[in-house]
Amino acid sequence: MTMKRLINDPYDVVEEMIDGYVRAHKDYVKVLENDGRVVVSKKAPVKDKVGVIIGGGSGHEPLFLGYVGEGFADAAVIGNINTSPSPEPCYNAVKAVDAGKGCIYLYGNYAGDVMNFDMGAEMAAADGIRVETVLVTDDVVSSENIEDRRGVAGDVFVFKAAAAKADLGGDLDEVKAAAEKANANTRSMGVALSSATLPATGKPIFEMEDGDMEIGMGIHGEPGVRRGKIEPADKVIDQIMDHILADMPLESGDEVAVLVNSLGATPLIDLHICYRRVDQILEEKGVKVHRAYVGPFATSMDMAGMSVTITKLDDELKQLLDHPCDTPYLTIK
Amino acid sequence: MGQDYVLNKDYFIDVIKDLIVLAEEKRDYFTGLDSAIGDGDHGINLSIGFREVEKNLEEWAKEDLTTFFRKVGMALLSKVGGSAGPLYGSFFMKFGTPANGKDEVNFQEFYEMFKVAVESIEARGKAVVGEKTMVDALRPGLDAFEKAIEEGLAPKEAFNKFKEAANEGADSTIPLVAKKGRAMRLGERAVGHKDPGAASSAAFIETFYNKLP
Amino acid sequence: MTMKRLINDPYDVVEEMIDGYVRAHKDYVKVLENDGRVVVSKKAPVKDKVGVIIGGGSGHEPLFLGYVGEGFADAAVIGNINTSPSPEPCYNAVKAVDAGKGCIYLYGNYAGDVMNFDMGAEMAAADGIRVETVLVTDDVVSSENIEDRRGVAGDVFVFKAAAAKADLGGDLDEVKAAAEKANANTRSMGVALSSATLPATGKPIFEMEDGDMEIGMGIHGEPGVRRGKIEPADKVIDQIMDHILADMPLESGDEVAVLVNSLGATPLIDLHICYRRVDQILEEKGVKVHRAYVGPFATSMDMAGMSVTITKLDDELKQLLDHPCDTPYLTIK
Amino acid sequence: MGQDYVLNKDYFIDVIKDLIVLAEEKRDYFTGLDSAIGDGDHGINLSIGFREVEKNLEEWAKEDLTTFFRKVGMALLSKVGGSAGPLYGSFFMKFGTPANGKDEVNFQEFYEMFKVAVESIEARGKAVVGEKTMVDALRPGLDAFEKAIEEGLAPKEAFNKFKEAANEGADSTIPLVAKKGRAMRLGERAVGHKDPGAASSAAFIETFYNKLP
């Protein structure tokens, strides 16, 4: 099948996307003059604020660059499609946003990202800038051990909590603690109904039989827990919620934030039908939804599918998720 | 050992030129391997990296071998990202150091180039043999090379041992469960698939072999 | 091909979507107790404000219900997939949001919608409530005569302008005039690379040969001006901009708002590559982009494709588009 | 004319039951016609409407014909939307009025039912023959019916003329450019396709015919 994508030279997609992005959202962001892979908030560096740096491979938009702006991330470091950025832009981002209070790297737990961001942090350390890292590990089915799990759409809540803490004047340790707390209380799981198309090859990343779905698939198309025929939305959500709630039990009276996330090609109709079931399940358990998002927040280009993210909240996390922010893809008044 | 077996800059430049061709020709093959147990971009990553090398090759060819390979390594490191970027980046950044700023190396130095390069991949990725990574091709390859040199084989024959062991090492990843990289989360589902990085490493070594005088 | 959709009974999609929507966005909206097809802002009726009512068929989310909230629409009337709502909910929406200053119906120009909304307005008139209507007619290639044209993504700017005018205290005539001015200055054109899937049939709405695109296609899959092989993004945008600029010439010094809209399955990467070209073309002409949006604003479910909307601005329209609003799918601080 | 040819409630309920079946069976056919020149939902619209009718049929069957058809029409109007909702909604809301609150009609009244119903579609949609709409089936059908009655044909034969002319009328839309509805924006591209509303109208009339005693 021919790829149904609107691009020019596939080797230029990331550069052209970034160019388009800073043109479209020029009130919010700029690209670093000395590094085309670092998108920085127009407000950064913010005086007396810990620098919040997010990043990872391209192909998950609005992750990561879409969340750069006031009250959210100060910079995003942008890799090639599905590929971690290299160390230099990770380092350049620090140089661009550090305001003397140090910086935090926040990204999904992938080996490639860890290697590159760690090298960036080493370079910053050589300049005497302290950089801490919190890896997002929300994908419940990707490993038994929490620290080995992948980061998927839970990024949004973890980044938001940390960024709000920074915006409220927290120091680097406090910002790190906020990110760790949000991550410890966040679980996600997804289902894919098709593969994304890789611009460079013009082909799906992986083969999937027509009519199949894969429960638990990662946002780069990493295999999940079970492949089978596409099922009704409610049945799919029931399975996802079983996994999430087995991993992070919730009790009556608990409060949560929920993100029902499109992986790209799944329309808002379907997402809201899915959200309905999530909400019914939580309602039955007496769990209160404090805040809900439904839409494309952490995608895999044109992949059909969705994920559910649940973050268990305490008063601090509620405050952090409610904290105002203004970015091209998330604004809270 | 092989004191008169001198490898000059032309040899290395020819190898790099062949690697540039390899990265394009095998792009979809490496990517296909990565689709099965990773995220389907290993071939694309290499082609992005070597396209950058190609763009600068004429310019960089004027440098001594140490500088030349540092620039190749930095290009891979900075343009690729992911796992392949830092791993192969380290490999090439280190690779030229035993040449000590010269334009040619003898066979002993040639051996040392691979030694420091493979070690830097091990240091960067912290992987050991049996974890289903490029180390499964490179470490046994290097060991076989070393042994062949100790046993007094002629230079090209000795390097042939590197090539053969690297290829065998790449094949040896097929039945393995992965312990490093993206494939590590697949558990048993990774079994039956060759590791893309081990495959590209073995192909790199083969390219070095093919150009040996 | 099996449909890659996450739904339950296809005859329940609209009801379940609305249920999910009001559950997810309960801080913003409720559904009318006496009419499940009317989604109303929690703030409505707003004292001394003209009631702003938008609506149309489902399948274009976040249009229409996504734009109900403070500073934007007071209510959305929701039809079946690709089908105008019936007269009763149109009327019930008026009853729910009218604050004594009358109401305005804003929707895309489709015969079915006109019949139904007109009947709703007649019913309201019988109650002595004045309801005015402005039809959005932004799709340049759908007819030679502006008044015969379809309404597509231009809805967003036209609705926004009218709603801001209402929010600023304008009377019904002023709100109507603002909508008419925005509509007169708005042009859109799209390209489809695939068909949306109809839940009821599980099939694409129309057949498209693999690798084809259709320039000028409507958001319900109505045929466009030309079918051909998929081309590079820049070439597609060049053609779209040619049509738009031939219909509404722009001069150096003009200011515009731009919306590069996903029809559903086209990722943000591609949209930003497209935006880049739009911006380049405007830059060359010396036209200034005052405000740009890039993302899924008026979709056709899982259709691959995008549209470009340009609204020519004067000071009043700038003020209206910049006016703050807070809805689940568009927030302006 | 046909004073002893009485159609009772059972006849009409049977017709509605058949329309319910028709709406399901021909759903994908009507939808397919609409895909070609509209938005591909005409069949789905009818099935949504008649599913609602089916749900309430037993309840509504207790009413007189005028009330019964008003409820059928209101159901179509309120559940369908789009063009078909108001058009067929008006049709059925008017259709029962000549029955004047009774449970049966004579043939003259039966004719008047169609007359007011077709006129209400014309009034609602403001379409005339030749614009590629359901009016292209209904208006010639009604005219042929009227003529057949004037000419003194037996009731069922007279209605057969309605059926035939409606079918011909539906076919006559194929070569037309549309002047109303979604298809109007297609210009020449609508040529060669049968109008979905004309097709469903003709099928409705045929259903009335088939149940006639």
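Which chain is which? They are A, B, C and D, in the order written, and residues in each are numbered from 1.
Operating definition for what follows: contacts are C-beta pairs under 8 Å (C-beta built on N, C-alpha and C of every residue); 3 or more make two chains touch, one makes a residue touch a chain.
These figures come from a predicted structure and were not determined experimentally.
Visitor: Quick one: which chains contact subunit A and subunit B both?
Guide: none
Visitor: Taking the mean of the C-alpha atoms as each chain's centre, how many Å separate subunit A from subunit D?
Guide: A distance of 54 Å separates the two centres.
Visitor: When the C-alpha atoms of subunit B and subunit D are each averaged to a single point, how far apart are the two points in Å?
Guide: 75
Visitor: Between subunit C and subunit D, what distance separates the C-alpha centroids? Give it in angstrom.
Guide: The separation of the two C-alpha centroids amounts to 33 Å.
Visitor: Looking only at which chains touch which, which shape fits best: line, ring, star, complete or other?
Guide: Basically the chains just string along in a line.
Visitor: Hey, which chains are touching each other here?
Guide: Those chain pairs which touch are A-B, A-C, C-D.
Visitor: Using the touch rule from the top, collect the residues of subunit C that touch subunit D in their complex.
Guide: My answer: residues 11, 57, 79-88, 110-112, 115-116, 119, 142-143, 148-150, 198, 200-201, 205-207, 218, 220-223.
Visitor: Which residues of subunit A touch subunit C in their complex?
Guide: 1-9, 13-14, 16-21, 23-25, 58-59, 61-62, 66, 191, 193-194, 199, 210-211, 230, 232-234, 236, 258, 260, 264-277, 279, 289, 292-296, 299, 301-302, 304, 306, 324, 326, 328-329, 331-333
Visitor: Which residues of subunit D touch subunit C in the complex?
Guide: Per the stated touch rule, the residues are 27-28, 31, 35-41, 44-45, 47-48, 51, 77-87, 89, 124-125, 180-182, 184-186, 189.
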